[in-house]
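Questions regarding the structure given below will be posed in turn.
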Amino acid sequence: MLAEADRFRLLQHHRLFPLIPLAVIIVVLPLLFPSAYYYRVAALVFIFAIAALGLNLLMGFAGQVSLGHAGFMGVGAYAVAIGPSRLGIAPLLAFALGAACSAVLAFVVGRPILRLKGHYLAVATLGFGVLLTIVFTNEAKWTGGPDGMPVQQIIIINWTVHRIGTWYWILAASFLLSAVIALNLIDSPTGRALRAIHDSERAARVLGIEVAQKKLAVFVISAVYASVAGSFFALINGYVTPDASSFLRSIELVAMVVLGGMGSIVGSVVGSAVLVILPQALTVFHEYEHAILGLTLMAVMIFLRRGIVPSLSAALGGTYK
Amino acid sequence: MTALAAERISIAFGGVRALDGVSFEAAAGIVFSIIGPNGAGKTTLFNVISGLCVPDDGRVWLGGEDVTALAPERLARRGLSRTFQNLQIFSHLTTLENVMVGRHRHESTGLLADLLHLPAVSWQNRITRDAALKALARVGLAAMAQRPAGSLAYGDLKRLEIARALATEPTVLLLDEPAAGCNPTETKNIETMIRSIVADDITVVLVEHDMRLVMNISDRIHVLANGHTLAEGDAAAIRANPAVIEAYLGAHSAALEPASAVR
Amino acid sequence: MDYDSGFRLVNSLVSSSNGLAHQVGVLFDRRRAPAAMAEFLQFTFSGLTVGAVYALVAVGFTLIYNASDVVNFAQGEFVMLGGMVTVFLGYAGVPMPLAAAIAVLITTAVGLALYRLGIAPAHDASTVTMIIITIGASIFLRGVAEIIFDKRFHSLPALFGSDPIRVGGASILPQSVVVLASALLIVCLLCAFIDRTLYGKAVIATSANRMAATLVGINTRTIVGACFAISAAIGAVAGVLVTPITLTSYNVGTLLALKGFAAVMLGGIGNAMGAVVGGVLLGLFEAFAAGYLSASYKDAVAFVVILAVLFAMPQGLVGKTTVERV
Amino acid sequence: MLKKITIAAGLIGLATSVTGGSATAQVKVGAVLSASGPASFLGDPERKTLDMYVEDINSKGGINGQKLQLVVYDDGGDANAARTFATRLVEEDKIAAMVGGTTTGTTLAMIPVFEDAQIPFISLAGAVQIIEPVHKWVFKTPHTDRMACEKVFDDLKRRKLTTVALISGTDAFGKSMRDQCLAVAPKAGITIAHEETYGPADSDMTPQLIKIKATPGIQAVVCAGFGQGPAIVTRNYRQLGIEYPLYQSHGVASKQFISLAGAAANGVRLPAAALLLANKLPDSDRQKSVVVGYQNTFENKTGQPVSTFGGHAYDGLMILVDAAKRAGSFDSGKLRDEIERTKGYVGTGGVVTMSPSDHLGLDLSAFRLLEIKDGDWIMIPDSAS
């Protein structure tokens, strides 16, 4: 017979344990929301958290930097914009096609790009992201050019997903699902191999791990995460511009991962919450908001340099990831 | 039967010949040591054998098959494993997870199963964990299983690398200075461990500076100097070889004295 | 042939095909040869002009990277500060040379402060964390600039006027030559500083192995701090020199950092000459892409070339291969 | 973790309570502007203009006995941020009306929010898509780029220059104007014989310009762009010694262009609002007192030269205020109807007369054709009309 405390410890070691507090927060939060604006902010947090989760798998676990991940967000976003309006594809199908396109694109470019290391990998992914943004900006016939284009709403059997409250629940569920998949991956043979690659590629190789293949796999997975996030992003905005895939957006995603904590699944949602909510909170400071945003970013990274969640968790003596 | 053979291996880095026509044959189930002064090319030879470096010339044979320039991960799947002189520990993983990674080539779940955490994955995780725990127990680290590997003491890390390499179930194991930085007790433990590994029919190829260890356990010793083969023979023959003594005295004041390995 | 119809023919030809094939055709058409030659020259001049700007930004990246392994994304803001401080001191009636000198001094102080307050306290953080810190710094500096200065574009007078130097139908501004020469001069000074002075040796030692450098008595904090200060100064000088060509505003830094970083990586990080080569080549790629292919896709072409170069030479053009010891 | 979110939520609360604090008898006017980012030189004067005129209105006792409270958010030029702030204005700040939307992209992203909430939205962005097709609650003040093209083409035809080259920025402004110019060129009898583009942050356009120079038959060049691009195009144009006339667009909307382009700007022609001429307008001109008044106020308060972008914000605010006065309240429905009934409003951009089918209300006469001469504008008389 297990003692109560032991049972709790077992639960604590379950790979999905970190999601329990998150799920509770997600359910309780709407009770505190005074208006639709809060739903929208929360919805954006979930969207960026999905993208950050994927990037975290790549950066935090496999140790491969990408400064162009918003490019895949752009692919997902334009898929749900172009599919229904220009090609007559059902929005849900366009959503899936976007993810598939991102996966194929990641598979094709990943092979050569992932051979690079460190800052060279950074500049190659950056270049890839910039290329996509240029295409979205220039192919105006398809994308509406720099002004962007409207996105049709998703219709599921005569039911239009329109209200932001509905989106909140869809996105919360999608986020949790993404987190479950990420945690599944981490606690699997592939996940262990990826984390090993992060620490020593050589050691991983002499242990029989197909490093190139594993890196490519996680690159494709993270691209699909970003693409899904991009599709949601376009859908809740009802509009998409090339900004969705811009260099600054890529940097924002990286900042979310690092801020929350590389290698921490909960960190990704915390990082995205901070970077989505902070600009909203800083509007009080009017023209000083950018200076303060920059200072905050620096201060958090200097004092919690392993990221918010791992640093705070360590400070409190816990091992919460 | 020959477990591992090198045939006229040559490699140069930026004009410097690190290895020049080195050949050896290690019979199955023995301890084959490679010694030589610093810079003799020992680690480079290991890198060539384990596929991390591609030789300019020469061939590597593993169990009678030509494996020259095969990628390390392919070699690992054919039963060659190694440790590193400068530790290559997965420091963000726990001790147990480090060894579990060593089981990778025996794991069979697909990516999709991993993502969905199908029952096969739980099953696989359990099997891998059990095997890894066994490997840890063998090197005496079972108690450290849940500790982050980064927090282990140096001597423990050396043993962890051996456990991790053993977890791949190799036929040939390359140990790159396993006793470097170890105190006499730890060195003794490593000696015992190597003996037990060989007892399991695994061929051990050893690079080591600790001469007492080398002389005690080696079935055969190959001496390198400046990328050339200087001598090969059993411990007694090497100890008596004037060229070897000359090389060691010339290059290194530490000579063939035992326990000179703290570097 | 009647002139008018011929004219229309040429006209429609040109307007219908501004693609590569046509351009190449023009290149070999002897009657058009002088024009084609002039175009080629002009593309080269344009590439050199833009490339010189990138090169000057890229050189600033290199020194900080060498000393501390930090890719400083706030380098573009140093360039912005150099230009903007000079502009606003000029508005306040300060003579231009004095204004430029003060701007360089202020930016140097900012660079030193960035190291002392932002980088040094986080010295053991990971590379990506460092990148985020420098990005935070760049947002902060931009934010401060938008408060202190304004959000409009500004220019500075060119050193030797704006009368173009004409060569074979093409032309280049004297300022472009100034920028290019300055980039080369700064690289030479930098190399001399690194190779010839004790300080320089200390920089090399620090970058090779910080722990060992500390052990032999080098104050690595001072060294890295000095490198930040010098990089900032180089950035500020770049800002003063390129503003007459590129114009400046509080947010020019982002794009300069992006292109500068690309140029650095193209050349091979950590090598000052590589930075100049990378910068000039990047400028040339863009100009020739704009001229012979498509202006809309010139940045795309530039990045495709960078990707291709990196795939072929994973350490950049001038970068050295590092042998990792195991 | 939980604490983190609570703190964050608390921060939002704080933010809203500070910006949205409920003083007595105040009416909130919202503005989402690109006061930072690549379009900040549009958004910045817009913000300054709104700030100073709302203060001015309040110091004179407000509108209908109510004081205005301006709630401004900076979207940084990002459509997503604009949409979030629009939602915030509607849901949290409960604004009565909105003046803003600096760029076409941010405006188009915000339109559904205000359409759903049924709150009047006066945009300050250029493109014609904002008002075509007409959205019930959406208006705009700046001239469309189509009008700019028509104005330029009118002048070209008068000078019998019918074969032209077009160079445009790849940003939203340049792209939109390019499309409009290509669309109206055939009707205007203009042949666009060669086309080039440049990136919004490019610093050298000589490759594109030398290709234009090498194209036979070109009689004039039209440049569609805003920001520093047109200044660099103008400089490069002279650097290459291209002789035929250069036309810029209404994106070049402040004296700053002249100082950036320097002597190279001499002889450049462009369509622009009367605001740029201000003091040079004949006293008989209807707009004179308005534009001189705005120019003096803006330049005294900010110390910066006036730009037509700030003028668009002025017009937006004044159209709103006039409508509110006529409606006698800030009831959104009445406000909307009154904005649509705006008739003969004399603003900085021209004389505005709206209708249910025209939510802009400007015609070609709003544009003047200017030429730059010795560092100043001179007006080219409209001899054709």
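Observations
Chains here go by letter, A, B, C and D, matching the order in which they are written, and residues are numbered from 1 within each.
Keep in mind that, in the parts below, a residue touches a chain if its C-beta (ideal position, glycine included) is under 8 Å from a C-beta of that chain, and two chains touch if they have at least 3 such contacts.
Computed from a predicted model, the values in this text were never measured in an experiment.
With steps allowed only between chains in touch, the distance from chain A over to chain B comes to 1. Any chain bridging chain B and chain C, meaning touching each of them, is among A; the list is complete. Centroid analysis (C-alpha atoms only) places D farthest from chain B. Per-chain Cα centroids separate chain B from chain D by 72 Å.
One finds 36 Å separating the Cα centroids of chain A and chain D. Separating the centre of chain A from that of chain C, both taken as means of CA atoms, is a distance of 32 Å. Contact of a single residue of chain A with at least two other chains is seen at positions 138, 202, 287, 289-290. Annotation for chain B: residues 52, 84, 88 touch two or more other chains. Multi-chain contact residues, meaning those touching two or more other chains, occur in chain D at positions 35-36, 170. Chain C contributes residues 7, 10-11, 14-15, 18, 35, 38-39, 42-43, 45-46, 49-50, 53, 146, 150-155, 162, 164, 166, 170-171, 173, 242, 245-247, 249-252, 255, 287-288, 290-291, 295-296, 298-299 to its touches with chain D in the complex. Interface residues of chain A, counted against chain D in their complex, comprise 21-22, 25, 29, 32, 34-38, 40-41, 44, 137-138, 140, 145-148, 150, 164, 233, 237-241, 243-244, 266, 270, 273-274, 277-284, 286-287, 289-290, 308-309, 320. Interface of chain D with chain A (complex): residues 1-2, 4-5, 8-9, 11-12, 14-15, 18-19, 35-36, 72-74, 77-81, 83-84, 87-88, 90-92, 104-105, 108-109, 112, 127, 129, 170-172, 175-176, 179. Those residues of chain D lying in contact with chain C across their complex are 35-38, 40-41, 43-44, 163, 170, 192-199, 201-204, 206-208, 210-211, 214-217, 227-228, 231-232, 235, 239-241, 256, 259-260, 262-264, 304. Contact residues on chain A toward chain B in their complex (touch as defined above): 15, 181, 184-185, 187-193, 195-196, 198-200, 202-211, 217, 221, 263.
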